[in-house]
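First, the structure itself, so that you have it in front of you.
Read from first to last, the chains carry the letters A, B, C, D, E and F; within each, the first residue is number 1.
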Amino acid sequence: MGGYGDIEMIDENGLRMDGRTATDVRPITIETGVVPVADGSCRMTWGTNDVIVAVYGPMEAHPRKIQRQDRAVLDVRYNMAPFSTTDRIRPGFNRRSREISKVTSDALESVVLLEMYPRSKIRVEIEVICAEAGTRCVGLTAASVALAHAGIPMSDLVVSVASGKINDIVVCDLNKEEDNYGEADLPMGILPNSGEIVFLQMDGDLSQEEFQTAWDYNVAAAYEVHKIMIEALKNGGVN
Amino acid sequence: MGGYGDIEMIDENGLRMDGRTATDVRPITIETGVVPVADGSCRMTWGTNDVIVAVYGPMEAHPRKIQRQDRAVLDVRYNMAPFSTTDRIRPGFNRRSREISKVTSDALESVVLLEMYPRSKIRVEIEVICAEAGTRCVGLTAASVALAHAGIPMSDLVVSVASGKINDIVVCDLNKEEDNYGEADLPMGILPNSGEIVFLQMDGDLSQEEFQTAWDYNVAAAYEVHKIMIEALKNGGVN
Amino acid sequence: MGGYGDIEMIDENGLRMDGRTATDVRPITIETGVVPVADGSCRMTWGTNDVIVAVYGPMEAHPRKIQRQDRAVLDVRYNMAPFSTTDRIRPGFNRRSREISKVTSDALESVVLLEMYPRSKIRVEIEVICAEAGTRCVGLTAASVALAHAGIPMSDLVVSVASGKINDIVVCDLNKEEDNYGEADLPMGILPNSGEIVFLQMDGDLSQEEFQTAWDYNVAAAYEVHKIMIEALKNGGVN
Amino acid sequence: MAIPLVSKLLRAHLLELASKDERLDGRGRWEGRETNLEIDILPRAEGSAKVTMGDTIVYAGVKFQLMKPYPDRPNEGGLMCGAEVRPVAGRNWEPGPPSAESIELGRVVDRGIRESGCIDVKSLCIIPGEKAWQVILDLFAISDDGNLFDAFALAGIAALKTATLPCERFEVGQDQKLELSSLPIMCSYHKVGNRFVYDANYKEELGGDERIHITLGEDDHVHSLQKGLKGIFSAEEFVEIMEKAKDTSKELRKLVNSVVGE
Amino acid sequence: MAIPLVSKLLRAHLLELASKDERLDGRGRWEGRETNLEIDILPRAEGSAKVTMGDTIVYAGVKFQLMKPYPDRPNEGGLMCGAEVRPVAGRNWEPGPPSAESIELGRVVDRGIRESGCIDVKSLCIIPGEKAWQVILDLFAISDDGNLFDAFALAGIAALKTATLPCERFEVGQDQKLELSSLPIMCSYHKVGNRFVYDANYKEELGGDERIHITLGEDDHVHSLQKGLKGIFSAEEFVEIMEKAKDTSKELRKLVNSVVGE
Amino acid sequence: MAIPLVSKLLRAHLLELASKDERLDGRGRWEGRETNLEIDILPRAEGSAKVTMGDTIVYAGVKFQLMKPYPDRPNEGGLMCGAEVRPVAGRNWEPGPPSAESIELGRVVDRGIRESGCIDVKSLCIIPGEKAWQVILDLFAISDDGNLFDAFALAGIAALKTATLPCERFEVGQDQKLELSSLPIMCSYHKVGNRFVYDANYKEELGGDERIHITLGEDDHVHSLQKGLKGIFSAEEFVEIMEKAKDTSKELRKLVNSVVGE
């Protein structure tokens, strides 16, 4: 969070630099089946973000020591392609990617019915092809679509959205410029059917009141994004 | 061994800069049970050295390929905490730590009755929290106390002491300044009941005569340190 | 391939700087049995190249997961010693060595009768002690001699030679200076009994006609080198 | 970290205890273990603290290095925060490169401190574009009986508050205190027996589900949140633990101030 | 890459098909799959392309960095080419450090481009001995249904041909196109059922033997060759595929020119 | 290094031999194997030696690099000594990162040379604080039939004694010999069949217990000691091998001088 508040990110009519109101979400598209060799897949664009997710499995978990007798193992990887950002990302180990992989995995484990596939493994591969802001939210949302496309049973889809604060104003779904100068970021993973939460992070500075506003914006946006997800799955069918 | 002999490390009365005679050992304290979740543990301070050792086991050795049919495996790690020295130590692989872990393990294997626990593993974790000089001696000595505290049977305790040479004079138990300007260092691991040796290293320059003196100082000091170890184990009991 | 064509590498009589004609190969020696503890070994010098190969096996392949039910596993490593080149080579992982190991292994797998040793492993260790140019050819050729010396059955020996282009002229077996200024390099692995190919790489720039000439030079040279290999195996016998 | 097998018995026992509003070690649901804070205990560090929370024991040490400021922030120094949980700390911690667990530990504590803005990185600049201080906070666990997150965060902020810039050793003026403009405090809640409790111990962690880490600053401003592990929670549950965190963070801030001096 | 077990049935089936001059998916022996080339599809890259060959899908992205020329070549910039096949691309690709397979992939594609001399490395120099451009070509597989080599090579050369030097962002003048003096094209042949075929798919690779990669430039000049995997071939076999490569490379060069513009 | 299983039979056999004061290969207790030293055998190294001790064969090569002296020792160059035992040397040596065994090998040989002070690191300084020579001694095993320690130490000191500073190639004056002020020699003793023997071969190492490495310089000054492996020894035992080391080191020093020239 940069917090360089001298640039005007919101005009006198409450509109943001890209014309959105405080609660508007960037344009979203979802296409399933984009990785033909996978068991399920989708491509999600969200603003300039471009994320591809492939799902493999359920398949036999090996080596055997990683098997669980009573459920499937979920193996989630989040990765940014080297050309996905303005400064090239060197391939290889990366603490940020490791942490995002872990929280994404934790969120998906909360909804995937792993008990249905004892001793097996389900792989979820999230590749960020082009990054704007909020890639972890796009990755988690797209992963739940790809799992559904692969026919993996889940208790609910996960919709992930982040709200934040710029120029002391809380707004939904920060774009890249807003993220650079933003003062806080609150990404959440929401179950649209129950309103419950499976993913939560936040950093920056939010008063208790601002925090509540950001939370509410996220919940409202999640319902909108959920409609697009359902539409894409209807069009794309299940693999 | 620096060997810059122009600084006077010993005065006309044969006293060293910290007031010790040639054969005096720095002040030592030992406290057992400092790692409550371990099966045995101790903290040893020796001069400004501050070392914590935890022992886990005997427990099942896995993966199975590391098991030995006729005895336990001893897994010893020596490590310096990043804040243990004036210049921060970067965490991770380190040739010096690997070598000290190996010679410490070799020394302890010589006394621990490993045959009593076939197919199992005993872990010894040596953590240097604050380093002065002679950390390998402190680590080895403290490890044998922690093993005793864990109730692991041993043929004897190991007492480790180093003597060295400064300004062409042999002295016992070099402190940090003496070590910086010293011309030789002879650390030994001694069994106080038999006077036998399980650990021996040396580097620098010692004539055969000086070498004999350093050896004798170490043996004498070992008996003194041994008393403190016994006292601590009496007070702390066995876990 | 440098391609700095202003240095005259071939004189008016068609002779190269070291006196060879376009089709001459550098001097070669082969000695078997140079690694006494190995099951088969040889040392090959080729110009200033000095390469040692040791073969271990067939022996049990472990861990068991690398075993193949119907054949032996061939484990080939090509490595350059740190002092083998003018600029010291740092030990450790190296993409070039990994790739040469793989293509050498692929070539040898094509001739070694691996089906005769199910569930076992054969190790081939190629160490370049001194490098001039064409070390991958020397390594592959010497490896087939060492395998023969170890008594491992093969359908044929492999002879590896490289031709290239300097000053727009195709010549056989580039030496170091020629390699530095050369415009192309075509290393091949040839079976002298059938004339078939098991190894092929090339980079640089060759017209179709030049390519054919380089190919023909390699095949002719392979028959000459083959004689030296046979001679060495006769003298050294099989282990 | 090796994943220990959790017996169904433990989970069932925890559920039963929860139904009676009890905990394994007799504590109340929002009650923390006895917490002890010592400072200046690492002679080679420029700032240090040791925190004991029940049988959980951790150290924090601060070291400083000179750095060249990043080209896009020529007037700023830096903060680096690393958490190491070596196998000394418990039978399930393993040697080797940092596990996903210890990476998460370090990054969550780091964010709580960094995002609170308590360290003015501009004040760490010595010569713009040329020389600045890098603050390195190393967190080191000695005994893990659960809730390393809060222990690390508490030791970390206390160590920073006691730290002195070693200007003399680096020949850039006179030694001076590192200034902290606020005291961010982390409080962690773990779902055990289907309800959130504060300061879970190791067994509760083992038989529990998700955990939530909240870092609060002055006036209850939120600086960092993290949900870890598999688990689902409701907005109502979150509101309840946020309320508790407001109280507990104030108490812990008082403890730091009483030991370090405001 | 995990090595999948190949059933003897698959090999027998491929052999039988070959005896009837047929292939698994009905193609002719020298027929490639439907190939599609898109450019400028990666907004953060300075040049980009996506290639679809049947169910094989890859991306190529070009980035530029400033570098200090190597002391022995003060007037030259550099080219770096990396191929990554991450586990997204298929069930047998595994995470972790690059496998021998992906190292070979990157190095073979790199050599074809580098040795053709299509990039004039001298033109990449900005200030001799001080500053030059480094061209970084990243090849990234999304879906591997066989013949990643040709897909990578095609996407790579197309991405380079669309690339723009970001001089303005690096404050060294005005943006300008990267000049390519030629278009090296790779064609790969795989021995399947005891005969070579062009553009093998994943199943053919699985049940096949050696493969040969040929990179040809203008006037059929040879720039790079590589034989991969276990297998023996004759001079006659090689002559045959070289003839086929001359034709196919011309067709693919035409495709690149038609999409990118000459 | 893979740990081979040692049969109890081998240990029993060695014990029986020892009781008769015999050894596996018929040598006397303090007798070394036939030792051969060749120099100048690596054309790309600035100093080199090859040592054969029975079936143990090793190379040592010296290379020089320019370095910037360490800030706290501006008038000194450096010495780096690395031992690599690659799988070529025997069936139990494995590929991969250096094992604990090969790290110990390198460090023990390094200390013997470094601590003898035979290289005057001040003489390696070219421009104080700016430029100095770094001596790199690489030890490389070709065949391990036991006692790599002594073979490495002997080859190492001989290679250093033949080394020439490549001043001309680095354009810092005329080539000159590396000066050695003394010749530290290592002698290693292994407890086999319950008694120490000199120069154990591989089978004796396999069925033996602890080993002791002694490096002696001029006038029998001690420069380095190391006890390796599990085992207990008495002061009397140590006195005995120290006496033997005094004799043997003198003989080996004579060998080096006769081959290299004093």
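Methods note: a contact is a pair of C-beta atoms (placed from the backbone, for glycine too) under 8 Å apart; a residue touches a chain by one contact, two chains touch by 3 or more.
Note that the coordinates shown come from a computational prediction; the quantities given were computed from them, not determined experimentally.
S.K.: What is the graph distance from chain E to chain F, where chains are linked when they touch?
M.R.: Minimum step count, chain E to chain F: 2.
S.K.: If you apply the touch rule, which chains end up adjacent to both chain B and chain D?
M.R.: Joint contacts: the list comes back empty.
S.K.: Roughly how far is chain C from chain E, centre to centre by C-alpha average, rounded to an integer in Å?
M.R.: About 26 Å separates the centre of chain C from that of chain E.
S.K.: With chain centres taken as the means of their Cα atoms, state the distance from chain C to chain F in Å.
M.R.: The separation of the two C-alpha centroids amounts to 32 Å.
S.K.: Express in whole angstrom the distance between the two chain centres, defined as the mean CA positions of chain B and chain C.
M.R.: Taking the mean C-alpha position of each chain, the two centres sit 52 Å apart.
S.K.: Just the number, please: Cα centre separation of chain B and chain E in whole Å.
M.R.: Once rounded, the distance between the two centres reads 58 Å.
S.K.: Residues of chain A touching 2+ other chains?
M.R.: none
S.K.: Starting at chain C, then chain E, how do the chains run round the ring?
M.R.: C, E, A, D, B, F
S.K.: For chain E, which residues are in contact with chain C within the complex?
M.R.: It comes out as residues 100, 103-104, 107, 111, 114-117, 210, 212, 217, 219-235, 238, 242.
S.K.: Chain E touches which residues of chain A in the complex?
M.R.: Residue positions touching the partner: 34-38, 48, 50, 52, 54, 56, 59, 77, 79, 81-86, 88, 91-92, 123, 125, 127, 129-131.
S.K.: Taking the touch rule as given, give the residues of chain B at its contact with chain F in the complex, in rising order.
M.R.: Those in contact with chain F are residues 1, 3, 95-96, 98-99, 101-103, 106, 109-111, 186, 191, 194-208, 211, 215.
S.K.: State the interface residues of chain D toward chain B in the complex, per the touch definition above.
M.R.: 42-45, 48, 55, 57, 59, 61-63, 65, 82, 84, 86-91, 95, 97-98, 136, 138, 140, 142-145, 202
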